[in-house]
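By written order: A, B, C and D. Residues from 1 in each chain.
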Amino acid sequence: MLPIDYTLCVIALWLVLAMLGLALQGSPRLITRLIFPVGALASLALAATALAALGQTPNVAVLPLGLPDLPFHLRLDALSAFFLLILGAASFGISLYSAGYFRSMAGNTLGLLTFEYHLFLASMALVLLADDAYLFMVAWETMAISSYFLVTTDHKIPEIRSAGFIYLLIAHIGAIAILMSFGVLQGGHGDYTFATMRHNELSPLWTSVAFLLALFGFGAKAGMLPLHIWLPEAHPAAPSPVSAMMSGIMLKTAIYGILRVTFDFLHTHQWWWGILALTLGLATMLYGVLFAAVQSDMKRLLAYSSIENIGILIAGIGLAILFHANHQDQVAALALVATLYLALNHSFFKSLLFLGTGSVLHATGERNMGKLGGLIHKMPWVALLVLIGMLAISGLPPLNGFVSEWLLLQSFLLAPAMPQLYLNMLLPLGAAALVLGGALAAYAMVKFYGVIFLGQPREEKLSEAHDAGLLERAGLLWLAGGCLVLGLAPVFFILLIDNVALVLVGHDLGGTAASTGWLWLTPVAAERASYSPLILFLIILSGTLLTFFAVRKFYHGRVRRGPAWDCGYPAQTARMQDSAEGFGQPIRQIFDFFFGVIREVPSPFDSKPHYHGETHDRLWNLLYLPAASLVEKLSALIGKMQHGRIPLYLMYSFVTLIALLAFAR
Amino acid sequence: MNTTTLLFQLFQNALVLLAAPLLLGWVNNCRAWMQGRSAAGIFQPYRNLAKLFHKDAVLANSASPLFRYTPYALFVSMWLAAAMVPVLAIDLPLSNAVDVIALVGIFALARVFIALAAMDIGTSFGTLGARREMLVSFLAEPALLMVFFSASMIAHSTSLTTIVETFAHKQFVIHPSLAFGGIAFLMVLLAENSRTPVDNPSTHLELTMIHEAMILEYSARHLALIEWASAMKLFAYVTIGIALFLPWGIAEAGNWGAVPLALVILALKLAAAGFGLALLESVSAKLRIFRAPEYLGTAFLLAVLGILTLNLLKV
Amino acid sequence: MTMAQQLINLFAALLLLISFAMLAQRRVLTLINLFAWQGLILAISAAVVAWTSNQHHLYYSAGLTLLLKVLVLPWLLHRLIRKLDIKWDVETLLNIPTTMLIGIVLVVFAFNLALPISALSSTVTKSTLGIALATVLLSFMMMITRRKAVPQVIGFLAMENGLFFAATSATYGMPMVVELGIALDVLVGTFIFGIFFFHIRETFDSLDIKHMEKLKED
Amino acid sequence: MEIIWLLGIPLAGGLLLALFGGKHYAPEINSLTSFATFAASVALTLKIFSDGPMTAFNEQFFIDPFNVFLVTLTAFVGFTTSLFSRPYMRIEEHHGKLSRNMLRLYHSMYQLFSFTMLLALTTNNMGILWVAMEAATLTTVLLVSLYRTPASLEAAWKYFILCGVGIAQALFGTILLYFAAEKVLGAGGTALLWTHLNAVKTDLEPTVLSLAFVFLLVGYGTKVGLAPLHNWLPDAHAEGPTPISAVLSGLLLNVALYAVVRSKVLVDGALETHLAGNLMMGFGLLSVVLAAFFLSRQKDIKRLFAYSSIEHMGLMTFAFGMGGAVATFAALLHMTVHCLTKSAIFYAVGHAAQNSGTQVMDNIRGLIKTNPTIGWGLILGTLAILGMPPFGVFASEFLIITTAMHEHSWATPFLLIALGVAFAAIFGKVQPMVFGETEGLRLPHPPALIPVFVHLALVLLLGLYIPPYLADWYRQAAALLG
């Protein structure tokens, strides 16, 4: 049995579970105790299979489904395998968590949700396996629909409904663009299998068209500027495990799509594609992180941070394209490895964080950070695990976020001179932007963690908050552990990812990545750059312990508790801490031209001072509303045609007749 | 990596650990002299530390373990950072494990922890300090990294050893890019070590303080560790500056005989640097906190400019 | 040019004349009478064609026409009008002269269109196709310009006449089964029209179709 | 033989119901008759499938894969719709909207209507085809005005006048066809038989045929609902009883399109040019685009879906116009899935409207809460009709668009933009109706939702897997149409 057969089995299992979910609506216990754990195990199996398949030669399968002339083709190569790994590994944690998270949900809703959830998983896996345009589109849109229904699970809230609508609309527009891109790619053969697209040689013009369409279409799904508008609406709207899956996994399928089209189907690359992707990516990153820093809804904050990470991914792809177009394949491989590694990492820590917010939501019923705080005392487990995720996403050593950022910066730095001179100028700027983004991410994340978990509880009800249950913890632990392992032993995984790079750009880092042993990460050569997270970690750990006991030994460990001093200020209340808005204020002030801000600041003489502030996405007014109103105008114009008067209608047919007669003779 | 290098690494660890407060004391002394105050003596920092260590620690009621263990992490990471900068001899095993990017990463790690710890108690000052600290950092960090980048682009490597080696070996060449980088680095150094014009280490004036606001709630050994850590941070920055911009006189790889000499030279460099630092601080005034972004933005732009010129002029 | 041909052409001319008259006519009753006359001419011409080209089934359709379009339908319409006592003059949307002008243009157009076709025609009545087409277009015109229900229906029936004329004269009549079917449809159609008149009448208490402009995109 | 059953059953049923149509058991009779018709059609299909195209009754009837598949489809949907109309009409009666007599009219006309459609499909005589089409109008026009409300009267009147005039043009076209044919086949009965015409189509006079096609296109196109001849369609759909809207959208439009395609085959034979195809593509594209933009202005739910029907008929016409194996295949597939999906939607819509006592979309809310099955039926049907995979509509649209891409790439942007706009419009209106809060009332009779989900299941199946025999059935038909 080939790996692809195993993956198909997993997909089938998921579909069966989905059906069971519908069938077992009556007994929620059974669903949470049985279906979700089994689904999780399936995910694990998938991850294992993918891991095994990474190094192997592609294997294919054809299902007797689909169109008569175009049955479902499936193909499992290194690229698919890698993203399947992401899918399996992340969804294992998420499903485990869901098993605990959904236990308090009503039966019929739960049944539907189970159905959609596993359908969502299966469709994502199919997207990654599809090897012809039809199956791809089917899986792609099924993914969109199922996630749409998941997003609108709580459809009684109008905001959530509109969020779902915008989400599905933009997804659909994106899908149309993707379809067109495939139409260009098949180059007039009328054969829509990816196999032919692989071997088509298109003219430079058409390759560019295909690339742009693909970038647009997949960018819409990924949340690339300026198509990101749906993401901060939809991701928070969904139940947290679903948000985790959308941010952690679904966005990656879009990245997969871009990679698939760019490096697998298109053989000749224009270097300006790279510039385009790079600029768009960096812009997206900065945009996302800036908005993340000023959010006060914890899930919106994470959603925006997903936009940021997607930006980095796209920028990385752009970098790879750039190098590849200039035939600097080793650096291209490096950039790709960095990108893919970030994709893997993001799927871990972003899922972790979203699940963490889920637990907080569960415990407090509160999404607004301004009403949280001090939860580290109430829910230590969640606090600890989320801390790991937060450190990881801020790109701090020795966790995994840092590794990918390090690799990406390396590929910026180690870039040999470009034939296009000004690119040599541009790349450092890119690096600078990347670093700035990283630092801002740290800012946003400190805000996220500090305001939610640290300080004093801002509301009374927070004292009832409870820690996450066992299954939730297990899920969180898995993801957090992933962050640690990926951070401490990157070399193993990078050697695996190398296969993908080999497939995509025909070059890999080869042995050099591990030339000085698995302990040292040396992408190019030891003397050029090396990094050993494990040693770093051990030193910090041992050092900390050492200092700890040394202090105890030489001096003492005596501790007294007392009220906070705070410069001797007596009347401390929880309201005096920075609110989320307060913490984001400097960013809002420095980058105010990005935000449309609405604020009501109380006058000094207010008896009941009330402060209200919200930041809007400028693009909404600049781009989307005009488009909508344009359509409105057009249809108003056309609507006049239908005037309701019979003579007029008769006139239409009369004129048509006369015109056609005149035309036909 | 053989035993000698390992031993040497340990030696440098010890050195930075012990010499860091000295540098701090020296700077404070110089400042005192320049401002016409009578100095407390350059060993004052040691006395402070000793005193603090002996005291009983007081923790706020709402303090979580995070608050309690942060000082240790801070201390260690700063120690590590200071210990991995090759200023005496070139091949330090540590600087292979941790290159410049990772170095910046470590600084960031320390900062994030202290900021979180500051928010942990939930006082108005703590959060204020944390916010300002992050504000400073998200501009200073990139600037620092950019400085490193221009250096590592000249050396074609991000590993400190290689960079320093390159610079030490080059016969004296003016790197205009490095000139930009140097200024940027100086500005970052002032900002990061919470000295004027961005912060003022010797005040508890609510409206101005940043670093002090964060550690308000710390006492006794925790405070001592933090103070020591910031001393080492200063030491680390100064030595980094030395390593990048005037590395001459450093001992070659394997040439242990040169180490004593290098030690002397380093001492002189540090003394000079400390003096200059004090001078700078005495002549410059503290900025309003809202001006800090402009100041750091300038630093960032200078650093980027450095890289651009580097690419333009190829030197 | 044989006697028959001349006759046919004469009838064709008359037909055209009548449809112009209908286009110009204001009064409903006269409209109905004109319609009856049209039917009569149709029937005769059909008979003549049948006689010259001894196509026997054309006699049947001639008879059918006589029955349906000269006797039944006009009688029905008269009864309707008496029942609904609508004696008013028909206001037109366009004033008559303009209508006539457009009508003339239409006729020219129709002839031009028909020329190449009737050139191929093997029948004795080649030139009539154009006239038939013209009649159709004119009745169409009439339907457009009238704003009362009854004249519209009459226009519709007149159009049917034009078609029938085309069927009989240009070709020697359609197959019988088709003829019957068409006749049936026309009959049923008229009945349904009748029903509608009553419904419309009792709902809007007038047969003015300007009441029926509610359903539209606003 | 099967043909007699096929046509006889509904005819007899119609006459029977003209007498007993008002009785309380009339709906059951109606369904039974429709089922019998369906059975007959299946028998016919099997026959054709086993031993190829056939003619009957000295060639007055002609069955080939093309129309036999439409016959089955028509009979099937006729049957399911009759199932749906049982509870629907009961509820209408319960709401006091209908009297016994109206029901009698309704039931008998329902059967006669399906008779006329089947006749139009099976006949071999272009003249009879015309007669049947006209009869189809006549049978439905009274049903459109069944409720006797001013609006319904107006709708019916427009329907009658516009389609009557249109169909008259078609008659002129038929006459011209005959005129051209008798040169070749001689006067008399055979000159209108499609099979004969098809045999000699290359000898027919091009100039005449081009004119004839114009008349036929304008005539039958009016019934297909091609813009700008479509104006009767939304009114008629919106005001008639929902089962009628369903069969109008699902079946009558198909039959009209069938007539157009039959004529196109002849004309293409006579003309070397691609005139017919181009005209159809032009009309199709225009309809798609116009309809898409109309959609966003609708307030009445049935009008909304009427316009979507216009859009889809446009798409089919475009595909038939393109011609070629793939496009025709796609068009036939689209005929099937659109017919199934749209009728399913109308079933759901009908109950939804009854449920909330209005057709105004702003007043329909939270269906999923009051009546989950209706809600799910509506939203799934909507997603399907919007061409969302894995439903079959996507399959056909995929084929159409991809074919258009490399044959008439200029057209694809219009198509895609139209599809996008349509998606935004329809989904934006349906979603709030299905979701959200409401204090809705339950229906007095249990709604008929088996048909809805049967149809949707079929559409889903066609999206994922087209059974091979169905596939080569379509292929044969496509081959016939060239």
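Note that contacts are C-beta pairs under 8 Å (C-beta built on N, C-alpha and C of every residue); 3 or more make two chains touch, one makes a residue touch a chain.
Since this is a predicted model, take the numbers as computed values, not measurements.
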> What's the overlap between the neighbours of chain A and those of chain C?
Replying inline: D
> Farthest chain from chain C, comparing Cα centres?
Replying inline: B
>> Which two chains have the greatest number of C-beta pairs in contact?
In response: A-B
>> Please tell me the distance, in whole Å, between the geometric centres of chain C and chain D computed from their C-alpha atoms.
In response: 31
> So, what's the distance in Å between the C-alpha centres of chain D and chain B?
Replying inline: 79
> Taking each chain's centre as the mean of its CA atoms, how far is chain A from chain B in angstrom?
Replying inline: 36
>> Can you work out the whole-Å distance between the CA centroids of chain A and chain D?
In response: 44
> Using the touch rule from the top of the page, what residues of chain C touch 2 or more other chains?
Replying inline: 113, 116, 140, 143, 152, 209, 212-215, 217
> Which residues belonging to chain D are in contact with no fewer than two other chains?
Replying inline: 157-158, 161, 165, 207, 211, 234, 294, 297
> When you check chain A against every other chain, which residues touch at least two of them?
Replying inline: 639, 641-642, 646, 650, 657, 661, 665
> Which chains touch, pair by pair?
Replying inline: A-B, A-C, A-D, C-D
> What part of chain D is in contact with chain C in the complex they form?
Replying inline: 60, 125, 127-128, 130-131, 134-135, 138, 141-142, 145, 148, 150-151, 153-158, 160-161, 164-165, 168, 171-172, 174-176, 178-179, 182-183, 187-189, 191-192, 205, 207-208, 211, 234-235, 238-239, 294, 297
> Inside the complex, what are the residues of chain C that reach chain D?
Replying inline: 55, 113, 116-117, 120-122, 129, 133, 136, 140, 143, 149, 152, 156, 159-160, 163, 166-167, 170-172, 174-175, 177-178, 181-182, 184-185, 188-189, 192-193, 195-196, 199-200, 203-204, 209, 211-215, 217
>> Applying the document's contact rule, which stretches of chain A touch chain C when the two form their complex?
In response: 639-647, 650-651, 654, 657-658, 661-662, 665
>> Please output the residues of chain B touching chain A within their complex, sorted ascending.
In response: 53-54, 56-64, 66, 69, 72-73, 75-77, 79-80, 94, 96-99, 101-102, 105-106, 108-109, 112, 115-116, 119-128, 130-132, 134-135, 137-139, 141-142, 145-146, 149, 152-153, 156-159, 161-162, 204, 206, 216-217, 221, 225, 290, 293, 300, 303-304, 307-308, 311-312
>> Which residues of chain D touch chain A once you look at their complex with the stated criterion?
In response: 157-158, 161-162, 165-166, 169, 207, 210-211, 213-215, 217-218, 222, 228-229, 231-232, 234, 275, 279, 290, 293-297, 326, 368, 383, 386, 388-390, 394-395, 398-399, 401-403, 405-406, 412, 416, 419-421, 423-424, 427-428, 431-432, 435-437, 463-466, 468, 471
